[in-house]
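Next, two complexes with subunit A in common: one pairs it with subunit B, the other with subunit C.
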Partner chain A sequence: MKKILQISLGIVTSVGGFLEIGSVMTAAQAGAAFGYQLLWAILLGTLCLIFLVEMSGRLAAVSKHTIVEAMRERFGFPFFFIVLIGMVLVAFMVLVAELGGIGLSFQILTGIGFPWWAAPVSLLVWLLMWKGTFGLIENGASLLGLVTICFIVAAIKLRPDWSSAASGLVPTMPHMDKAHYGFIAVSILGASISPYLMYFYSSGAIEDKWDESYIPINRLIAGLGMTFGGVLSMAVLVTAALALRPRGIQVDAFDQAALLTTTALPKWGFYLFAMSMLFACFGAALEISLAIAYFFAQGFGWNWSEDLEPSKDARFSLVYTIIILLAAIPLVAGIDPVKVTMVSMALTAATLPLAIVPFLFLMNDPIYMGKHRNGWLSNSVVAIVILISFVLAVISIPLQIIGG
Partner chain B sequence: MDSALSWLGTAEMAGEAWLRHTTPDKYTRQTLEHSNEALRPIAHDLLEAPPRGIDTALLAVVLAQSQKHIARMARLVRERNAPALSSQLDSLRADQKVVKQLADDIKPKQ
Partner chain C sequence: MNLVRDVLDKKLLDREDCPMGRVDGLVMHVGERSQPRITHIRIGGSTPWMRVHPAFAKLGAKLARLWGPRRTEPVRIPWSHVVTAGRDIKLDVKARNTGALDWEIWIAEHIIERIPGGGQEEEE
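For the complex of A and B:
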């Protein structure tokens, strides 16, 4: 009974915690600019994420190591340090984007500019980290994030042509704007396959004391939770394709995205969008802050647990305190969180090999995984998607910069 | 041209949503002001280096008119004057149609 409850809660929190500013803005941009044509990128990203999340949980359950601990142990400190720099830089940019997303949600609700919200929002995130437990962060924020289901309702109410939508699941090239198309595809893949989610998930499995009996539960949570999450992202894309594209609206700013649900849900659409973004970004900001702190603490061998008193893992607590403080600075200075989002998502995709390749080695290492090593299917799917993301990023990021 | 049409569409949609009482005053006003701010450099760039074959004089007039309509709409939201905003919205839609036509005319030549 306890495990059934854990499965349900795991799936529900995966759904509620899936969307964040990156996935919403990239999916909305894709739908507004290219209709259903980029649905395949969400499908591919979600498929890869299912495998990666399942692997993260399996590694923790079998080896009793988080990804970071195992990576440092297996590849040594110098290699770990290179990964640390790359991952923390990208995760930091994503944290700025998420805190900015909370500020922008407050901005559209109150009219007070997002820079004014940067300090109070960061303080609130820090306070929850300082006082809260892992369970509160994992379940509380994600349960509130269930409001994002409004995107599915909106997409269905707009009556999409399902056969056209299904054709978007097969990759095709557009006639024009190929660089922009590639850049959005990369950003979608970066938003879907977030390495911080893997670090958070494997650390969570250790916090929750998983053992090998959790392998089937882990598989269910990763499979169902991430699939439902991917459907949410697709719903955002479909809604943008039907509500914004016919009017020629491209989603370059948050206030444009806020119009997404006003056609399908005239009475509550605007407020549901604002609340969705508020809770989704809040949950993501908590998870990223924790993931960065886990990365440092596990890599350097410090005490770490969100369930410990801050005095018992002082260096772990100090890391998230400093990171949250630093992330607030660009927002107070007025840097546009949407621009940070788009750049950070593309950079995430470009740096995926750095995070995923050593992880794949770990998942195939009999010392860590014993008989639970990866099969050919999970190795192939993850390797192919990471290769596609990397190649697309290397081609489209310079093209996008040159083309403005 | 696509960017100009995007912000004109944003202003139109924000105005319509406000008339349906589905968005708050402050958000609507800020979105209209933002649309106008975004349109200004786009219009400037379009007129500095117009797309080949476009009727520049007509584009200049219609973009200037659109910006005026959007600025008025933002003011009317502040005054909560729905009937006047509705008529400004109609004028904006007419301008939008002209810009769309101009964009469609040059597309085959690009």
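For the complex of A and C:
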């Protein structure tokens, strides 16, 4: 019974980690501009993420090391430092986007501009990290994120043509706007394959004291949780294809995305969209802030745990305090969170090789993995993901300039 | 033992399993008539930054003189204190007495404990 509860909570947590402002905005833009044609990008991103998250959990359960710890030990400080710079810069931008997403949710609910919400929202996120435990952050925020199921309800109510939708699962090129199509595809992959999610997941496995007996549970959580998250993203795309595309609405602003749910659910759709984005972004902001603090603490060998009181892991607590404070500044200044989202998703794609290449080595290292090393299937998938990540790294910035 | 693979960059734990940083560097004694041997583990200070570029080490040392516990020299732990070298390196020392936690203690006392809810540093 305890294990079933753990699996259920794990799946819910995965959903909370998957759906955030990046995945919603990129999926909504894809559906509004190209109908079902970009569903394959979400499918591909989800499949990659299932394997990567499963490996993150397995590494932690078997070796009792997080990805960052193992990476520093296996590749040394200079390599760790390069990854630290890349990952923290990108994760910081994603954090700005998520805090902005919470602010924008309050803006459409209250009419008060998001810059006014930046400080109180950041304070609330920080306060939860300061006083809360890992369990509260992992499970509490994610349970609230379940309101995002409204996107599936909205998609079904709009009666999609399932055979047309299924044809979108096979990649095809559009006749026009090829650069924009490419940019959105890259952004969807950047939003799906989020390295911070892997760092958070492996740290969570250590916080929850996983051992080798958790390997089957980890497989279920990664498989079902990420699939559920991917289905939610696909529901956003399908809803956008049916609700926004016929009206020629391109999702350039957050309030346009609210039309996703209001078409299918006229009475409650607006509030459900606002609450979905609020909780999803809130959960993601907590996870990213923690992931950045974990990165520093684990890499430098500091004491770290979200369950300790802040003075017991002072440097860890100071990192998330400073990061949240810094992330609030551009929002108070009025930077557009949607633009930050799109840039940060493309940059995530550009830095993917840094996060994924070390994985191939770590998951085949007998010292860390023993008999639980990667098999041929997992290695083939990582090799494919690495190939994709290098292609994304090369094309993401030019596509950002031409098609963004 | 492969020093780079099995020792360098590993996590250091004191006798109470308290994390006290990572093996940022190793000091080797090379005598004229004796075999080279590892004498000390170096933690923090400019040691890890020197491995990236000397400019980073200089910048780090400058910043450390301006702010914090003003410790600029890396901590040196004699190799004789190493108890086990496995997944982590276990040392027969108390982390607080080595200087490896100077920054942790300084940040706790000067910043974290001054914020409500930050908690109190445990008295020895």
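Here is the rule we go by: the second predicted complex is superposed on the first by the 390 of 404 C-alpha atoms of A that agree within 3 Å, B and C clash if a C-alpha of one lies under 4 Å from a C-alpha of the other, contacts with A are read in each partner's own complex, and residues count from 1 in each chain.
Here is the rule we go by: a contact is a pair of C-beta atoms (placed from the backbone, for glycine too) under 8 Å apart; a residue touches a chain by one contact, two chains touch by 3 or more.
Please read these numbers as outputs of a predicted model, since none were measured by experiment.
After superposition onto subunit A, the partners subunit B and subunit C occupy separate space and fit alongside each other. Looking at the shared chain after the overlay, A:131 reaches subunit C, while subunit B stays out of its contact range.
When subunit A is checked against subunit B and against subunit C, the one touching more of its residues turns out to be C. When the two complexes are overlaid on their common chain A, residue A:314 makes contact with subunit C while staying clear of subunit B. Once the two structures are overlaid on chain A, subunit A sits at the apex of an angle of 140° toward subunit B and subunit C, using CA centres and rounding to a multiple of 10.
In the superposition on chain A, A:302 contacts subunit C only, with no contact to subunit B. Once chain A of one complex is fitted onto chain A of the other, the partner contacts of A:63 are limited to subunit C, with no touch recorded for subunit B. By the touch criterion defined above, A:72 lies against subunit C but remains apart from subunit B after alignment on the C-alpha atoms of chain A.
In the superposition on chain A, no contact is made by A:158 with either subunit B or subunit C.
For the pair subunit B and subunit C, the model built by superposing on chain A gives 37 Å as the shortest CA-CA distance. Residues of subunit A that touch subunit B in their complex: 107-111, 244, 247-250, 252-253, 255-256, 258-259, 262, 266-267, 269-270. The touching residues of subunit C, counted against subunit A in their complex, run 4, 8-12, 18-22, 24, 48, 51-52, 87, 103-105, 107-108, 111-113, 115, 117-122. Touching subunit A in their complex are the following residues of subunit B: 2-3, 5-6, 8-10, 12-14, 17, 20, 22-24, 26-27, 29-31, 34, 38, 100. For subunit A in complex with subunit C, the touching residues are 63-65, 69, 72-73, 76-78, 80-81, 130-131, 300-304, 309-312, 314-315, 317-318, 321.
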